[in-house]
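Each structure below appears as structure tokens.
What follows is a pair of complexes built around subunit A, which joins subunit B in one and subunit C in the other.
Let's look at the complex of A and B:
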């Protein structure tokens, strides 16, 4: 068929234009902003003052930013292990041909379609509530586990743990669906012959399922990384220093809209955005690399 | 005899699955209990919530009228519709031709464009909002619904294009050949022949886009955190923050229900479509 230049431009033009406007140009300009000093986010370029890497130096010396980076590291690692582990476990269970399997799958995924702010409040106002109606409090009271019923889910040092539990709950379904899709791509023949050879359920998982879904497994860790770097809504709902994330830090450095916010400094906010993006890129690239080299060993 | 043995082995199989059943039932039971309790609480009075007698005095629809009207819940819902529906349509108008072109035409730069799409998928929102904010300010567009419609459309381009590409790639080239012989130009051929062929994929990605835009929070907070512009998520944060002071738990739960009900109802009917929209990206990538 005739592929004129004109029709390529007609088909691709709008998408390329939007991409340039919303990804290409902003990424370049944010990177540039991070090397300058300015009064506010809308200051024109002629009012910017070049400061080199000063913004980065200041940023890395800011206590709150460091706390937020450590927090996001903890969320990435511990919440990541919990989320992906539970997703794998549930995916394994829900590919065994259980009764109501389809319904169970859909129900585990359900929290993913609820806005993060609403999920946050469901946990904050009901599940973790210390009032008599709080779900965990009344559950443990009912079971007679008084120690657990007394647990202060929302007090200072426990708030971070509580937020992570809520995050695991609302993300597990997404990764479970991904693993299920991958597991269902594996031919049943492998399992049949393994059964004849007398492999038990753990051997079948370890030597058949796991190697064959390795690609998706790697993909899921990369997706987890890009997801967690944007951790924001829950951090704002559970608002506290102990639950601070880089995204929230950057937001507050850009817009001093709330009590307790720091002074506005777009240059530092831009530096923070660059640090976050680079962190995510480096982590996901190394994950990709790690999984690829392992593949060669087989 | 054989039949009996079969039954016993079947029973044994189910017994082995018991721990699996238990875990899944606890997980799912918890989810439904949480959602169910909050819905019941949203129809009760705050006093009943605290004394543990939900719905003791019947259904209180006043929680909802208050949440929708006095607390502007309805306006937030309307705003969210204004943001999501046009941007879902625009996304398809822009991405379907692009996906078609990338997956079926060979031209210089095709590989580069595919790479850029993958990069676009990984760029966090924080990296792009600052320059856009100042551009919208300069163009005097901040404080209008246009900003979020535009942003939701543009930021959906990478995933939507990426999702649609394999569907266009799978169509037989005979359709285009036949259209060309009949004197049908490439643009008409696309909209009249190719586009209808991938309709199921279009529906899937649109539902998926709708839900993610409906639930989007960060950009909505940055670009539409003004009275009259707030989306459901940003509005909920503001409503609960102010109701927390008066301790109006019934009102807070009603506001939470208003936010999650639309997507939960859509999901109840279209869960298959939504799940394919999610898994396609991960598995094929």
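Let's look at the complex of A and C:
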């Protein structure tokens, strides 16, 4: 079929229209909202009052928001290293043709399909809890490791660590599958040739696997950034200053808690969303530049 | 090339903002479980079926209309089940009335607000009365005139004489002297106790003053029990109530909203009082790590904790795990030295049913008649029996587990905010709450509490 202006419009039209309606409009509205004050998220525009950058000034002066930004930075870095590192390790192990390989892959991936809220409560009530149902307490008691049995997984100072463990648990499978797919795409010939040359497993990983999955690695870090910036459910479940995230701040400022319904402020919530967006874009773009992909013929 | 780059960056911006903000009600992505997705899952429309219509309808029935009712209960909660049954019975009595429920859970407070402003038809809605006042005021019909009327279930008396007067007074106080919603399922936060422990250690009278309270704790501790507990959900209460007693709820709300107010010496006095209880070993050693409702379950299952400052919903929330023979007791937070109020003041609130001001007179009449029926018929008693909640009708029998709470609540003439004034500001509540739990857990001193809690 000959490509004409009309055919381009016909084929691109629906996608562009959907894009504008579903993505562009909310972004524009949220960005505008961040410069106004209003009673609630659905207040008509005629009731908005222009405040300029006041919402941003108030936001940046709010200690809880500042804490939440530091928290999300820590979550991104620490759990990022743990999740992507563990995913890489498991991907390596589970591409070696082990017995029950498929079963193990499915098992590691499984937590990813469970709702984050359910994962959070599972860890909270059945793993970290100090009550008689607490798995870790029972396990360490059974092993006679008194110090670890007494460890307060859910006290304020350890809550961040506990939440990170739960987050790594539910995300590793997703990235592992991504790495497995990339690794299985590499021709076996390279490995056979390296094996004949006498390369050991680490050399094979370092000089063959790693360069050839660099593109996927870069993509996974960008994906990690966008997933993490929206960190919400576990922060809500673990609910503490040390686990408070910007997304939770946005939610609470937009809708407040049942006890604090007078604190609703959609303008500040929108400003918070815009700040998070800019952060995510800057970090993602920096990562893309940092991990440049060379093209190999595989 | 430049255009491509620009497009790529703008796409990234758009996608990310959409992930974060397009949201309003929550975001997309796997971490947004409790927001939009959860709301959608939780929000279930239930159409109550009309059975045997006409059989028991009273002749000359004037009520008619279809009522869209958005409720703050989750569909599986016992309160929702009672609501459905009551609606079923009401429709049988009034065959021309049809009630359609949408059970949204607690998110109802903001779902209704958004839905109303975007033109969704909602005729009746319920929520915590403070939320109704702060979020829905502009949409409410004044129901004051309906209070003076008699209904089928009020024995010829005006409705206002058949239900708890304190709750109607609360409504008036929040809506400039008008009744803009009909209260049901009142709630209060007070000290719940395992009465079995009190009896065993020989405490025959509940403590009324702070010194008596400390004596009671000492006796309980000496007998090998844990006197006090709390958890993440109720973390404000022990400190918050002390402060409310000391300076009043309004002042505490100011303190919660403004970090510069924390040089008020009364805050340190309250923190010191709690610190003393901690230093004497009266708090549960696990208190700082009691997330969500962990302490509630421990309280009834373990049977070794004597007191929990919690809400009247406690017996219902723990009903599945409460062992037979568990004796519920309840009493008011004790008076504190130099305090400005006593047992006459307490933290209480209520859920309430409101009617959209835009409904027709016909629907308004039917909606109010249903609310009256719900709070004065056998279904009001059913709230007590099934959901273990406080009934509104003066004739209803309270659940056994709340009989002592009834005495406390009936004594109230002054109101604190539901979870005390400390919980009322979004910007400070997380920070203050964490400091409270650390104080109960002995992780920080009273001075450190003031320092940490005021850092918002």
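Methods note: the second predicted complex is superposed on the first by the 269 of 298 C-alpha atoms of A that agree within 3 Å, B and C clash if a C-alpha of one lies under 4 Å from a C-alpha of the other, contacts with A are read in each partner's own complex, and residues count from 1 in each chain.
Heads up, the rule we're going with is that a contact is a pair of C-beta atoms (placed from the backbone, for glycine too) under 8 Å apart; a residue touches a chain by one contact, two chains touch by 3 or more.
Everything quoted here is computed from the prediction, not taken from an experiment.
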Simultaneous placement of subunit C and subunit B on subunit A, clash or fit: clash
Partner chain in contact with A:247 - subunit B first, subunit C second, else both or neither: both
First, second, both or neither for A:41, with subunit B first and subunit C second: both
First, second, both or neither for A:153, with subunit B first and subunit C second: second
Which superposed partner A:23 touches (first subunit B, second subunit C, both, neither): both
Subunit B versus subunit C as contact partner of A:273, first or second or both or neither: both
Contacts of A:177 with subunit B and subunit C, given as first, second, both or neither: first
Partner chain(s) touched by A:210 [first = subunit B, second = subunit C, both, neither]: neither
Partner chain in contact with A:77 - subunit B first, subunit C second, else both or neither: neither
Which superposed partner A:96 touches (first subunit B, second subunit C, both, neither): first
Where subunit C runs into subunit B (options 62-70, 80-88 or 116-124): 116-124
Subunit B and subunit C footprints on subunit A, overlapping residues: 19, 22-23, 26-27, 30, 41-43, 112, 115-118, 121, 125, 131, 226, 229-230, 232-233, 236-237, 247, 250-251, 254-255, 257, 270, 273-274, 276-277, 280-281, 284
Residues of subunit C that touch subunit A when the two form their complex: 9, 12-35, 37-38, 106-107, 109-110, 113-114, 117-118, 128, 130-131, 134-135, 232, 286, 288-292, 294, 297-298, 417-419, 423-431, 434, 437-438, 441, 443, 455-456
Subunit B-facing residues of subunit A, complex: 1-4, 7-8, 10-12, 14-16, 18-19, 21-23, 25-27, 29-30, 33, 41-43, 89-90, 92-94, 96, 98, 104-118, 121-122, 125-127, 131-133, 135, 138, 174, 177-178, 180-182, 185, 216, 219-220, 223, 226, 229-230, 232-233, 236-237, 247, 250-251, 254-255, 257, 266, 269-270, 272-274, 276-277, 280-281, 284
Footprint of subunit C on subunit A - complex, ascending: 19, 22-24, 26-27, 30-31, 40-44, 62-64, 112, 115-118, 121, 124-125, 129-131, 152-157, 159, 170, 226-227, 229-234, 236-242, 244, 247, 250-264, 270, 273-274, 276-277, 280-281, 284-285
Footprint of subunit A on subunit B - complex, ascending: 17, 20-21, 23-24, 27-28, 31-35, 37-38, 41, 49-52, 93-95, 97-98, 100-102, 105-107, 113, 116, 119-134, 137-138, 151, 153-155, 157-158, 161, 173, 176-177, 179-180, 185-187, 190, 211, 214-215, 217-218, 221-222, 225, 232-234, 236-237, 240, 249, 252-253, 256, 259-260, 263-264, 266-267, 271, 274-275, 278-279, 282-283, 285
